[in-house]
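Just below sit the structures, each encoded as structure tokens.
The same chain A turns up in both complexes below, where it pairs with chain B and then with chain C.
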Partner chain A sequence: MLEDLGMDEDDEEVVPLPNVNSPILKKVIQWATFHKDDPPPPEDDENKEKRTDDISSWDADFLKVDQGTLFELILAANYLDIKGLLDVTCKTVANMIKGKTPEEIRKTFNIKNDFTASEEEQVRKENEWCEDK
Partner chain B sequence: MDSWGQLSGQFAVASVANRGEDEKGFLTKATIEKVPDKVLLHIFSYLSHREICKLATICKKWRQTAYDTRLWSAVSLRPEISGLHVSNLESLLTLISVRFGASLRYIELPIELITHHVFHELANKCPNLTHMLLDFSTAMQLHDFSEMQAFPTKLKYLCICLSEVIFMEGFMRKIYNFINGLEILHLVGTYEKVEEEEEEVYEVINVHKLKAATPNLRVINMYGITFVDDSHIEAFSSNCIQLECLAVNFCNKVTGSCLKTVFQRSKGLKCLLMNQTSLQSQHLMQVEWEKTAIQELDISATDLSTECLIDMLTRIPALRYLSAGQINGFNDSVMKAFMEQGNPRNIVGLDLDASDNLSDEAIHRFVSKYGHQLQALSLSGMPHITDQLWQAILPIIKNIKIVIMGTQERLGVNIHVDQLMDGIANHCLQLERLELRWDPENLRFSDKSQKAIDILRVKCLKLRALGLSDGRYYEIVKANFERADRNTVVRAITACRVSTYYILQNYKELIFN
Partner chain C sequence: MMKGNGPPKREGKMRIRAFPANMDEKYVDTIWTLLKNAIQEIQKKNNSGLSFEELYRNAYTMVLHKRGERLYTGLKEVVTSHLENKVRQDVLQALNNNFLSTLNSSWSDHQTSMVMIRDILMYMDRVYVQQNDVDNVYNLGLSIFRDQVVRYNVIGDCLRTTLLELVARERRGEVVNRIAIRNACSMLMILGIDSRSVYEEDFERPFLQQSAEFYRLESQKFLAENSASVYIKKVEARIQEEVDRAQHYLDQSTEPRIVDVVETELIKKHMKTIVEMENSGVVHMLINQKTDDLACMYKLFSRLRDGLKTISECVSKYLREQGKGLVQEEEDSKQNEAAAATGLPCSGGTNAISFVQKLLDLKDRFDHFLKNSFGNDRIFKQVIAADFEYFLNLNPKSPEYLSLFIDDKLKKGVRGMSEQEIESVLDKAMVMFRFLQEKDVFERYYKQHLAKRLLLNKSVSDDCEKNMISKLKTECGCQFTSKLEGMFKDMTISNTYMEEMKEHLMNKGQTCVSGVDLNVRVLTTGFWPTQTVVPKCNIPTAPREAFEEFRRFYLGKHSGRQLTLQAQLGSADLNAFFYGSMRPSGKADDGASGGGIEMASTSSGTFSVVGGSKQPRKHIIQVSTYQMCVLMLFNNQDRLTYEEIASETDIPERDLIRALQSLAMGKSSQRVLLKHPKTKEIEPSNIFCVNDNFYSKLHRVKIQTVASRGETEPERKETRTKVDEDRKHEIEAAIVRVMKARKRMQHNSLVAEVTQQLKARFLPHPMVIKKRIEGLIEREYLARTPEDRKIYTYVA
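Entry: the complex of A and B
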């Protein structure tokens, strides 16, 4: 993130963070402090199967928060470019999605269905190709 | 009541505003709808294709994200793998251009979808397709390919699952012109299906024509193909001068008569895997081993004589990996000759599974000298190798990544597994994969075992697979790891096996099916 802003690591300049409020920033710092000695994450191997069952117990505990906080953390991790935190929060959301029906997913995340009846029918048809016989 | 209703209405309006501030000046809470598209894509990338298709029906934004081609770069259309069941060929053809397009790099096709229409679409719409798997194994008959005129031209990796009886020439002759860029070829046979030895064996694919079309092959894997013999290997070596890695595991007609010629032609051949083939000693002794560049060799489960083994191991310049289990002729004199006249100084992987005629003294002597450089070691399948020997060698194998110990045969003695775990935790900090094959009845542990398992779990941080025989001890270890949220580490060995192949240099390219 500092690179993106064109700043040097040694500068004494104040870094503006208008998109991150202080309670969230506190949590981000807490995560980063715990993980400060982590080895750098491996290069994303294109063919590697992406797993969601390898979230450590500390992280799982850390992320036992309400949805609002979880998504604030995702936004903060994205803005501050913290790959490890972004990965683990996204995996957590993926785990919340797995196995649910579309209606259950809409309910869990409070998503409005903005399809008309005919649009919805069309989308269903578009995805018929991959359904069980 | 009315005024409360109005107030809550006002608050509701305030919170719907885009990341606005409420009266106290705090940012309102984020929801999934505030997440940028790039991040939503990242979330979706952790889900299976089947799930992603379901997500398209949630709302417009999710549909758009689900259809993002970047999620569809590696696709399996085999229902038993991905759960995706293509019921309509027409819709698949549309999908190829719209959904997969330029992002598609890897595709798996089951027999129903191996048609010229599909190949035409793939050839025209997917310019980055480099890896393909074609599963003919359940084929009843081949589709008609007489009208096929296009086929992906950038393929580097091709895996063909052969059928027992369907002749492939009708298809193969149409693609020979397109596959000369191929570097990795897997032909998967049906040896697992053969019930009787006398069953007719059909040469379903013409290797002589195939080799002419693929001069750039570096890695060739012919796995469990009942008709493959030395003439086929020779054919490949006559045209594939870049050959680095050749695997013919479970091809029981291979005797090794081609090897002298193969090595003369393929000067770059570094890896040769011939597990459970019918290698004959006189053929292997004809090979000019001194002139070869061979580094990795698997001759396990063959009938090579002691004389032949000594001859080979004293002449090969520098072996990095040796798998020579299940060979009766592999005894102490072979080990001695290897150490004294051969060249084991580059050895990093040693697999001596079920080497009944090797004594523990000989193994101890070898490991004492070379253990510190070993990354993979398997001493499984030998009842006389117990925790006693392992305790002696654990302090030496400090750099070990893969260890396989124990045998499923019932032993007269018991294995003190707590001390073993302790030893491993204290010496083998680089350990990534561990397997203990001993029968659960032979494992002796106490109420201190939780502590030993704790230490192992905490010290061996790279450990990602721990295989144990299903039983009381397995349950204890599994529960211990699960309490620490390391859920995927402990497996029962009926479900998952550890192999020493992980350290082969071409391991990634050798993965198939």
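Entry: the complex of A and C
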């Protein structure tokens, strides 16, 4: 993002970031510092299948935080356009969803069920083919 | 399923910022207004007071809350209205002055502001644009600029005309603002977004069209005013100019296209005209040795696919003309020569030599062009070779003449030349040899000439002879040269015999037999060219006895062999005493006899004295064997008629006439005999007597034999017949060879195969081959298959 700003190597310019609060920013900087020598990621192939089981152990540890932080990290990574961090955080959340029934997911994320009974039935029917019998 | 409302409120250390559940329209409006103003400020170049982060964040928020479409459409409107209302007006006002620079500066301003706008709207680019498959911000800006400004009717036309006008002016020699054009061209390229179509349609196509027109007119003007070489230089200059132009201020991809246009208009359409231009085209250049001009033309024409073909055709035509002219003028003049040459040292030979020399000179000339103008191009090499082959074989005497040429060189021509020069002359002769189709005819003549050289001791250098033979061997294989090598061996062996003979005689206490110093050369029949009928000749006693002695000696060494005297090949040295005064008469002595055996005499015989009583003058005369027989008759008689001479010596008429001609009708320093009456022809009743008044300043006189270098017509026919005979055998041998290997073959394939095998020696005619096949069928070497008459089988 910095390069979009068209900034020089001028260290004294203050960059306001109202969208990101300081603890989250600290975490972001921590992640970025650890990954500062990473090779640039390859061109993203839209069609390539993405895996969720390739999170490095350091990242996994780093992301052992409460959900709130996790989601804030996602937002920050999105806003700051940090692809690596965005990927790893989203993968983590995806892993939290995988393998759970809808009810379990609701419990994990504290989501209110706002379907009527008939709506829920309809949706279940549509997705019957996914279920393992 | 998440509805994208963001994370719910949670108890915890941090309070998660609440998402506005549904962003209300008012908030969205506010954000949009903020952004819109910012964009407009950027377009007015007032961006310094703006906060990047704030704008970015607002755009981010809008897109995040699913208002991307509104943002996108809004952007489109703002940009369009700015370009329509402000930028376009500016450009329109400048249509008549500073058009290009105004357009250029508007363009670069637009680019700059779009970059900044893209930056603040980057989140939208990343997310909304991707998801909805629309143009990204920058490209959107480009297409609006293209449609609303550049292609707005008046502006588009003006742009095109201005650019074309500038190019036209530069072509006329004026200096123009290249940078302006370059900026315009690169703008057009960029406006094509991912293709060059805008550049192509708006500029390149009309440019190429105008260029074609321009060069079409120019070509006509140039051609009318200039010679070929000047035209070519001008064309090259123009091509270079266009290449420059394309590299400096058009788009580079235009280069091959414009060069193609120039080549087509200036060269391709006029290839023949240029090549055939009177007084300056290819022919003129060839005649006047304009090597550099030809090189320029070659370089230029090699750009086009058929260019070189056109030049090579013209060169070929000229070369064939020249070659044919040389070859045919030879034929005509030779007819006249033959008519005039009835005897006496004939210069018919010089015709052959000059014929070949002229051909070699022609080849040298064209090789020079090949190397220096045509860069050893393969096409030209092939063309020249084909042409030489063509006209060399037009004259049936070419093989004979080539052999004569080499003969001359090996006899005396190489005197005074360095080894390298000799080598190069012989090599060039070999090049000509390769062009010959009738190599077997050449072989026959070469053998004849070589025989004469060896027997008459005429070759200047043995090394050169051997050199030549090895060249022929490399070219044609051993079969060609084995006989020639045999001839050399015979000469060496004969020398050995003579040594042994001398020893043998010494042991007997003799120095020579019958007073004759004999020198014999034994020729193996198969190697040397033979006459079909060995002419007889009555040899005088002394030489004959000497020969018999040798024969006894030889047969003592090798039984089961036969020796035959070859009377037409020998020579003799005679001691002659002339007893006349100022008009000397002469007498001839015993001398050697000839006939396959050469003998030299040292003894002296006497002769009757006639006329004056001065001191007898002594000369040694070198004559042929026949002449010796004739002269020795005058030892016993003063005068003889032709008929008497003929019956005494038994020499064949043609040879006898020749011998008498050189003895009696040559120059006065050669006239050993006198003839009555002094007519031009020799009649049977003519009387011959010794010329006592014979005078020559040389002690040793060589009587020139009337040996016409070239063959006379009847001789030529004879040689030709022999060649044809040989060819029949070779064809049959080839047919049998092929059939033995294949066992079964169709007629056409057989003919083709046989032709292929023989073509290194001569080109057989299919009809002749057919006749030979039929002959072989009769003699039961081949058979026709019963099912198909066109298929033959081999009969073992």
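By our rule, the second predicted complex is superposed on the first by the 115 of 133 C-alpha atoms of A that agree within 3 Å, B and C clash if a C-alpha of one lies under 4 Å from a C-alpha of the other, contacts with A are read in each partner's own complex, and residues count from 1 in each chain.
We take it that contacts are C-beta pairs under 8 Å (C-beta built on N, C-alpha and C of every residue); 3 or more make two chains touch, one makes a residue touch a chain.
Fair warning: this is a prediction, and the values are worked out from it, not measured in the lab.
**Q** In the overlay, answer first, second, both or neither for which of chain B and chain C A:K64 touches.
**A** Neither: A:K64 stays clear of chain B and chain C.
**Q** Could you let me know whether more residues of chain A are touched by chain B or by chain C?
**A** Higher number of touched chain A residues: B.
**Q** Under the stated touch criterion, which partner chain does A:L17 make contact with: chain B (first), chain C (second), both, or neither?
**A** In the superposition, A:L17 contacts chain C only.
**Q** Tell me which partner A:E128 touches in the superposition: chain B (first), chain C (second), both or neither.
**A** Once the two structures are laid over each other on A, A:E128 reaches chain B alone.
**Q** Let me test your reading of the model: by the given contact rule, A:D81 touches which partner, first (chain B), second (chain C), both or neither?
**A** The second partner, chain C, only.
**Q** May I ask you to decide whether A:E72 touches chain B, chain C, both, or neither, giving the answer as first, second, both or neither?
**A** After superposing on A, A:E72 lies in contact with both chain B and chain C.
**Q** Looking at A:K36 after the superposition, I want to know if it touches chain B, chain C, both of them or none. Which is it: first, second, both, neither?
**A** neither
**Q** Need the overlap of the two footprints on chain A, from chain B and from chain C, as residue ranges.
**A** 66-69, 71-72, 109-112
**Q** Which stretch or stretches of chain A touch chain B in the complex?
**A** 21, 46-47, 50-57, 60, 66-69, 71-72, 74-75, 78, 86-87, 90-91, 93-94, 97-98, 101-102, 105-106, 109-115, 120, 123-124, 126-133
**Q** State the interface residues of chain B toward chain A in the complex, per the touch definition above.
**A** 26-27, 29-36, 38-39, 42-47, 49-51, 53-60, 62-63, 73-74, 83-88, 91-92, 95, 105-106, 484-485, 487-488
**Q** Which chain A residues qualify as touching chain C in the complex?
**A** 1, 4-6, 15-19, 23, 66-69, 71-72, 79, 81, 109-112
**Q** Give the list of chain C residues in touch with chain A in this complex.
**A** Of all residues in chain C, those touching chain A are 2, 6-8, 10, 12-14, 16, 51-54, 56-57, 60, 119, 122-123, 126.
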